[in-house]
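You will see chain A twice below: alongside chain B first, and alongside chain C after that.
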Partner chain A sequence: MTAKALSITRYTVIQLFRNKLFSILGIFGCILLGASLLIASLGGDQQLRVLLDLGLACLEFLALVSGVFAAVTLILEEMEARTIALVLIRPLHRAEYLVGRFLGLLTALLLSMGIMAALHLGLLFFKGWRWDASYLVAVAFSAGKIMVITSLALFLSLFATSSISALTLTFFLWVLGHFSQELKFLANKTGYPAFTALVKAIYYVVPNFAYLNLKDHLEGTGVMGRWLGGAALYAVCYTVACLTLALGLFRRKEF
Partner chain B sequence: MEQRSSMIQLAMVVACTIAVGVAASLRFPQPAALNFPPLNELRFGDHALMDVGGVFLGLRRLTADLAWIQLLLYYGTPEEGPGEESGGHHHPDPLSYGGGRYERFLEYCQRVVRIDPSFITAYLYGAGALAWNLKRSDEAVELLQEGVQRNPQAWQFHKYLAAIGFKQRGEFAKVASLLEEAIRDPACPSMVINILGNTYKDEGRYPEALRVFLELYDRAKDPEYQTTALKQIRWLSERLHLPFP
Partner chain C sequence: MNFNTGNAIVVDHVTKVYRSRHLGRLRLTVGVTDLTFAVREGELFGLLGLNGSGKTTTIKLILGLLFPTHGALSLFGHPLSHREARSLVGYLPEIPSLYRYLTAEEILRLYGELSELPSTVLPRRIDEALALVHLEEHRRRRLQEFSKGMLQRVGIAQALLHDPPLLIFDEPITGLDPLGLKEMRQIIVMLNQRGKTVFFSSHSISEVERICHRVGILVRGRLARILDQAEWSQREGALEALFMDTVQSTVGTATPASR
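On to the complex of A and B.
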């Protein structure tokens, strides 16, 4: 990656950490993690399990909300305010700008997820949890999901006519991505070949978050181990494909 | 120049799509290996929206946890007893735990374990309550068999099934022996330790019962079980003419 793209990345990280929405969501996440102690106390013998799951869910959900909102407005806002022209009149390739912005967003999200995970681990250890490496794997693959959905949100923000439609479409795809196994099940059950083909096409095009959702398989480490490499490859390839498509659209934009 | 970069982009997308397809077909397990029952097998009860929402947002474990808390709340709430006509409630003996009808107990348990089939403690807790507290061994067996089917590697289910079988035949010694093995498992629910203590107590084997309730007091994370254990320890210490530890 070039120095110019790295500068854009650094600028984006600083810009996002100064963003009020991003900070508010971070504070909200910390409060939510603290509140999870209260909910976990209702879990009887399974307090640690509830605390673990609730924390992982909070971590992912807050990263999702802040990531998608930031991704949708990342370039769209600068395009609407025409400030992007000031950047692009310099000797900077559009690809460098786009990749730099995306990596900046991803870095900021990973940093905030890391802070929340550290806080969560603190709570877990405080309640007597024993270290389990599958926690890190689950957080890493949550980050993989966030990487895929933010790249998709970035692509959709350049494709859709407004940020609202891009947001709606992204959240819809997030839900559909978790529904993929059921989608395939439905496709195999129906007796109409055309419908089956359509559902299967949707199944293959929509990001399959079930493969990256390792926080739902914390006890089945044997199941997890079998597809770690494949899932990581899947996340990276899907992200690269989305960024490539986004770049294709971005090149055609006139400022 | 622009045409060349478009071609490169297209090639990258195609390459990524092929890589994703290869990864999907070679590395990823099929739905059966994910071990999640299809949606039509979920037992929603009154909480369909919450359960479906949780599953669709990729929060199966958390949804199962919330269903688990609702199961504990259901089982922890006193039922309407024989005196309900006069507005009264059924208050069980403070030394016994979990008796009553709780007709929807199996449904609540199945709701939890079908959202997250790897929630072993939920099967064990449910089966223990059904077989020993609610005296519905057939439902306990049904729940355990579902556990065996979805988690063939979990050894605990076979011990519980055997213990229920011996209990039905009145073979106390074999039940106690199997439950002794079961409570050595760190994941064993406090309820099962409580059941073993009560089993010894009912058979008049007070020293063994005292040992088990002391263990329950040490291990239980739920304050309610600690209180129950404390009451039992006091009662048994009096019977055995021992000082209260």
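On to the complex of A and C.
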């Protein structure tokens, strides 16, 4: 990572926090407070369970929405506002710019997820929850899913003809990625070779978000340990592949 | 044409054709055709042309923001693909598009870092650039609070920040009030007197006439003529007459701008 890419990263973080990203923290706080008031009538354990699941789901959903919107507009906005010209005329590679922008977005998202997790934990402890390390694993793998989907959104934003089509396609792939196992099942059951090949191709190309879900891998410590390493490697490799493809498109762009 | 040393910009048989698709049909639009010229080091060169004549396309090709369909460009002997070439240029666009969420100081720091200014030198250079454009008092204000004139000044500051030997200004006087016009003229002349090569585009013949050493006239994407100061300095209004003659005589022979 070069000093110039780090400069781009730093200013992207400033941009995102000064522009819009902090507003999602406010939304998250409101949802948590509202939910805690609504479930106050439930019994102790039930209340904690709902608050835990709801908080984690909200955290991932808000990071997803803000991350995908920010990723799709990360380069397109700069192209439309023409701010990109005064950056690219300087002695830096386009890869430094693209990677710097992506890492800036990722840093801002991780920071906001960290703040949301701290708020959530504060409320859980206040309600009498006892610390469980799998909470951290769940948040870390939500962050992994967000990293994968934002890199995909960035690639699609450079490939698609408009930001709306890039957004639609990203959200479609987010949903499809959560049904990877069903896709595999479908591919194995169908009797038509061409259809099997097509579904298998989709299965391998679409990000396998089901694989990154903590809940599906809680059976035993051995399984969990193997999954952790494999899932982390999968998320990093998929992200690098998306960024490489995005760079291939970005190198040919004219401004 | 001699393209050996001593040239800040060399444009060698450059053609730019824009390709776009609409409803599956490929549309080709010619931006510039077979452009060949050189700008000498230390020269103040003006590029004149009507709207749509290819001035901005030429500037974007020189900056590497557009890729030529044919031909090659170099800056101080370095091909445009080399990073060295891009460290030698300062650019002021017609409308400076800057990050509005940053302060004046922050944006200059970013551009300084990207222009490879050492961290020991950068703070002093930011101070000097802000002082030159009279924005020292506003250094900690975000650009979204700046007026159009102030943004233009920040645009000038970022172009000069890394002290490049070549400055490229795209329509620098368009939309300026008389005071801003005078200041911009003074800045361009002052930079040239300090040894900078200045290349700028304009459709204001009177301004180009006052300050340029040489002028290139673009007509429908072709460089129709290059004039030396001696050709217009003897008689007031001579450049305007030469420009009109060139445009009128070339329009009949030039390739249409779009096909």
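Throughout what follows, the second predicted complex is superposed on the first by the 222 of 255 C-alpha atoms of A that agree within 3 Å, B and C clash if a C-alpha of one lies under 4 Å from a C-alpha of the other, contacts with A are read in each partner's own complex, and residues count from 1 in each chain.
Here is the rule we go by: a contact is a pair of C-beta atoms (placed from the backbone, for glycine too) under 8 Å apart; a residue touches a chain by one contact, two chains touch by 3 or more.
Just so it is clear, the structure is predicted and the values come from calculations on it, not from any experiment.
Q: Could you say whether A:86 touches chain B, chain C, both of them, or neither, answering first, second, both or neither?
A: After superposing on A, A:86 lies in contact with chain C but is clear of chain B.
Q: Just chain B (first), just chain C (second), both, or neither: which does A:202 touch?
A: The answer is neither, since A:202 touches no partner chain.
Q: Under the stated touch criterion, name the partner, chain B or chain C, that contacts more residues in chain A.
A: Of chain B and chain C, more residues of chain A lie in contact with B.
Q: Is A:47 contacted by the first partner chain B, the second partner chain C, both or neither?
A: It touches chain B, and chain C stays clear.
Q: Figure out whether A:111 sits in contact with chain B (first) or chain C (second), or with both, or with neither.
A: Neither partner.
Q: Between chain B (first) and chain C (second), which, if any, makes contact with A:7: first, second, both or neither?
A: A:7 contacts chain C only, not chain B.
Q: Please give the residue numbers of chain B that touch chain A in the complex, ascending.
A: 2, 5-6, 9, 12-13, 16-17, 19-21, 23-24, 26-29, 31, 33-36, 38-39, 55-62, 65, 68-69, 72-73, 116, 118, 120-121, 125, 189-190, 220-222, 224-225
Q: What does chain A use to touch chain C in their complex?
A: Going by the criterion above, the answer is residues 3-4, 7-8, 11, 14-15, 18-19, 81-83, 85-93, 254-255.
Q: Help me check something: in the complex, which residues belonging to chain A touch chain B?
A: Where chain A meets chain B, its residues are 39, 42-50, 53-54, 56-57, 60, 145, 174-175, 177-179, 181-182, 184-185, 204, 208-211, 213, 215-220, 223, 226-227, 229-231, 233-234, 237-238, 240-241, 244-245, 247-248, 251.
Q: Looking at the complex, which residues from chain C come into contact with chain A?
A: Contact set of chain C toward chain A: 60, 63-67, 83-84, 86-87, 89, 91, 93, 95-99, 101-102, 106, 110-111, 113-116, 158.
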